[in-house]
């Protein structure tokens, strides 16, 4: 009998302590970040904690989930987010989930000025900007040159020659990349829903027709890397990071910028509307953009950084990646994502569903 | 046919073979997952690159073993916290429900009983989204009318606990009811007759009798919460539970640290299972 | 029992209030909110039928829906067919000591998160996976074959993940089956098939229906397995709900889908119960 | 002398059904009192009212003169041995017995001592550590009684506690229970449907039927002087002859059996209607086989022997009176005197008219119960 009482008491105490802790944690000097996998390497977090005393809690996510989560919390629950720059202004207008950035608190001279200006311009809502650039990259092709030498552009992924050896994501970048490579300008059609729908219908037909070449529509990085590494897949649309990672293991595999232009994205720092730890958030932004730290990140993840002087700290083979994969003529040809107007994603979603379900 | 009846050798052999295959089917993926936790490779797949314990104890820079992987450790801790809280909440609710439906009579009892078993036939995804939307609506209302930000109504720890408890409580209730049904009420009367008051009867007789089923129900609640994905995915906030966190990792490219976690989980639950079952609770469900 | 009137009230309320709060706050109201949202227009909040019309006007949605339901029924049926002999073996054929051990073995894998199990299967089945290695090395296959990403694999995965919830209830009823019934039938000259058809399966009906409902619900509402193992053609309805809510931010459409799934699952279970002349209240016992 | 238990005009209804109807009785201190009746007669309801689990609709219950109205079951000086014993399976023997004392707030070595004493008294020392499931039926019985006796109740109620035991053990326990009662001197109120249990153990027996008491008396009184048809049939074995009454010229009451046999009765009964049906009762052991002629006040009946039931000291003949389809039971003394009787023989039986009792027919059947 006494045992039961004891156990129950322990449980109650434990329970209440845990609950108390759960609620207390929000007041702790903790910075809650929602970001992409790999964007917050453990070494940098440790260093940040050491320098500032703030502990960091990382939640892995992607653009869509970031928006959904923040929408459901009405901009709370996290202190810092890292959405892509094209996914900010429309959700700010719709759900008001971010707060404007106080650029006075940002150490702007360590940021690439043109990138900063572009991001400021793209995230402008009611005269205020909502983001600071952090990482940029491109989506192009990762090709096993020995097995699929002829893949040069997104449209080559539809080639029946490579039946069952091709993989791409069933997400909007695929629609847009294919669009560019087939001679459309999807971004120009954004403003005209009717025309955009027409474009999507075209893409639907083309991608359904191209289904036999697809091994699987990858939707996680693991899946993509494994199938390319094992040579189950010969060509895929993916980020340069995947290509470069694999290139280090197998020189046959590399990232190729499509002839119609790679798709360029910029991931940013944005502060949720109900961030509870602004000081830490700003400190973290400045910390991550310090050249040394930014270079550490790039060396690890191989993505480009918005930190101006990081290039001085890059490993030679990482630098080589950039000169090989993203030379100036490729950079000039990049199709940068403009802001996504509301409603477009739903149209795209329907098209993607139809493609997936089609036989 | 059965133990006591004769049957041909072929029949018996065939049957045994079927069962052996079944168990291979059951355990193959687990064994593979566990073995690959010791693969000295950066990827959780073949080929075998040699044996290593790095995915348990490695401390960077290349390989972060599970014991140094802050994100995974934190999500493990979160899962424990959630499971413990769900266990407490749903054991309490489930036991209350068992008493209510087995021992009391009231109007609309049948309707309420039906509501109680409804979560069994509601897909977890729908429980998740409906609770998310409901709490969001309330949260918006509070925010707009009272100008207070009710953070506990957004995705996060409290919502995960409530969401999981909403259906786990039903399961606990069924487990406890099953035993309460067999309870001989003259035991209560005997205790009254010997001078016990209502509280003493509840504590010394009824609850004591129910103890195995309450413990069993609590254990089930803990495990079900620990591995829940479908409901949690919609309700989780900044603190991801282990299954959610693992899903995110698999999605974005993982290392055999996933296998190491799986190894520990399989080991842990197996030990737990054996202890629980060897105590004679044959029926877990 | 002679009860003091006030005592009855207190005891009753102690059980009644938590249960009612649970059922209303976590089940009834959220689903009413879900229903309300499914009938309102995104952003404007006006009444609309569009969310439901979108479902019926768009073949892709209801095709996914039909597909999901169809596969769920197939999976449930396969699970039933496999579970019967397995439970029979455990409950009636092996010695009792072994049967306890087998029971533990059966339960262990299911206490490991669904994600880990699916992950294990992926390691086994992929083109560069272990089974392919094995088959190629023994010369069965000339070159590796992709076994993942098709409907059959997905069905197998779903069978795997939901197996337990059939085996346990069926073993439960099988244990209650008096051996002497089988002996009597055997003694009266019944063949094995006749014994199965006339004695064992009818006796197990309640367990089968019970397990069937749980398996069906789990499969219908599962997200991970179809998502990770399914092929390039396979879209599961829960995925649609997830996509609507998480990816396209269209909560109202998602709510309508959620409600349709709920209606569908209720309908199928209702039909199943009618067909087997069972009653939900009895079945969940 | 004090009345340990006094029940006055107690009534309990469940909806339209009256389970206990205006029952009154007193039990003297230290007596073994039994309530005997078929199942469904209301005896369990009565017992539960005494224990306090039911609240009577009317009437009062007094223990040692103290009114129990409104006193909760856990506050009454009475303990109940349940039909299924209701031993707590989650406690061992010692804890079971000590349960009541602990609820009363007793602590320390005193409790252990009392438990040990009581275990010894019921003949089960050393079994304190045993689990309930390790006990045999008879041992459980004794533990259940010990658990109540330790409370030193004014009255100990027993609800058919021997019901679950097998026949041999039941015989044994009857004696043991009676001895135990006289040893401890506690007042026992025992309910049962088994007349033999009631007769063997009790000082006083109340026969209950349809919610009321038919008769209260010592076992001997009930057996020899039943006051109703019900008691005559329920207590002990009895042959029942369906008769019609009329008065003869000298005013004697004559019972006519099977339209051909006339039996003069010792009782005088009102015979308003010649067709009114009566039952004449005669105990099997009062029947004499082949009595011969010339006895005074004696009834003679020719019968065919249908079968001989040999059962040692309890052997009987089944006989069929000539011209009827009925069957009577006759005790067959094993004195070897009647060894010549064979099945299908025609013999005569007879009995002293003072050994019969006659009651108006009541539509009550003994054997559709149980």
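For the reader, a short list of remarks on this structure follows.
Letters are used for the chains, namely A, B, C and D, taken in the order the chains are written, and counting of residues starts over at 1 for each.
Definition applied: contacts are C-beta pairs under 8 Å (C-beta built on N, C-alpha and C of every residue); 3 or more make two chains touch, one makes a residue touch a chain.
In this text, all values refer to a predicted model and were calculated from it rather than measured experimentally.
Think of each touching pair as a link: the shortest run of links from chain A to chain B has 1 of them.
Farthest from chain C in terms of Cα centroid separation is D. At the centre of the protein atoms shown, by the Cα-centroid criterion, sits B.
Between chain B and chain D the centroid-to-centroid distance comes to 57 Å (mean Cα coordinates, whole Å). Spacing of chain C relative to chain D, judged by their CA centroids, is 59 angstrom. Computed from the mean C-alpha positions, the centre of chain B lies at a distance of 16 Å from the centre of chain C. Centre-to-centre separation of chain A and chain C, using mean CA positions: 35 Å. Multi-chain contact residues of chain C (touching two or more other chains): 1, 126, 128, 245-246. Multi-chain contact residues of chain D (touching two or more other chains) are listed as 53, 72-73. Each of residues 44-45, 189, 192, 204, 208, 211, 250 in chain B touches at least two other chains. Listed in rising order, the residues of chain A touching chain C in the complex are 64-65, 67-68, 71, 94, 164, 211, 214-217, 219, 226-227, 230-232, 345-346, 349-350, 353-354, 356-359. Chain D contributes residues 51, 53, 72-75, 78-80, 82-84, 86-90, 99-100, 103-104, 147-148, 151 to its touches with chain B in the complex.
Contact residues of chain A toward chain B in the complex are 1, 4, 11-12, 14-15, 18-19, 21-23, 26, 32, 34, 36-38, 42-43, 45, 57-61, 69, 72-74, 76-78, 219-222, 224-226, 229-230, 274. Put simply, chain B touches chain C in their complex at residues 1-5, 11, 15, 18-19, 22-23, 25-33, 36, 44-46, 92-93, 96-97, 99-100, 103-104, 106, 112-127, 129-131, 133-135, 137, 162-163, 165-166, 169, 174, 177-178, 181, 188-189, 192, 198, 223, 226-227, 229-230, 233-234, 242-243, 246-247, 250, 258, 262, 265-266, 269-270, 272-274, 277-278, 282-285.
The residues of chain C lying in touch with chain B in their complex are 1, 7, 11-12, 14-16, 18-20, 22-23, 26-31, 33-34, 37, 82, 85-86, 89, 92-93, 95, 100, 103-109, 111-121, 123-124, 126, 128-130, 133, 160, 163-165, 168-169, 172, 179, 182-183, 186, 192, 195, 213-214, 217, 220-224, 228, 238, 241-242, 245-246, 251, 254-255, 258-259, 261-262, 265-266, 269, 280-281, 284-285.
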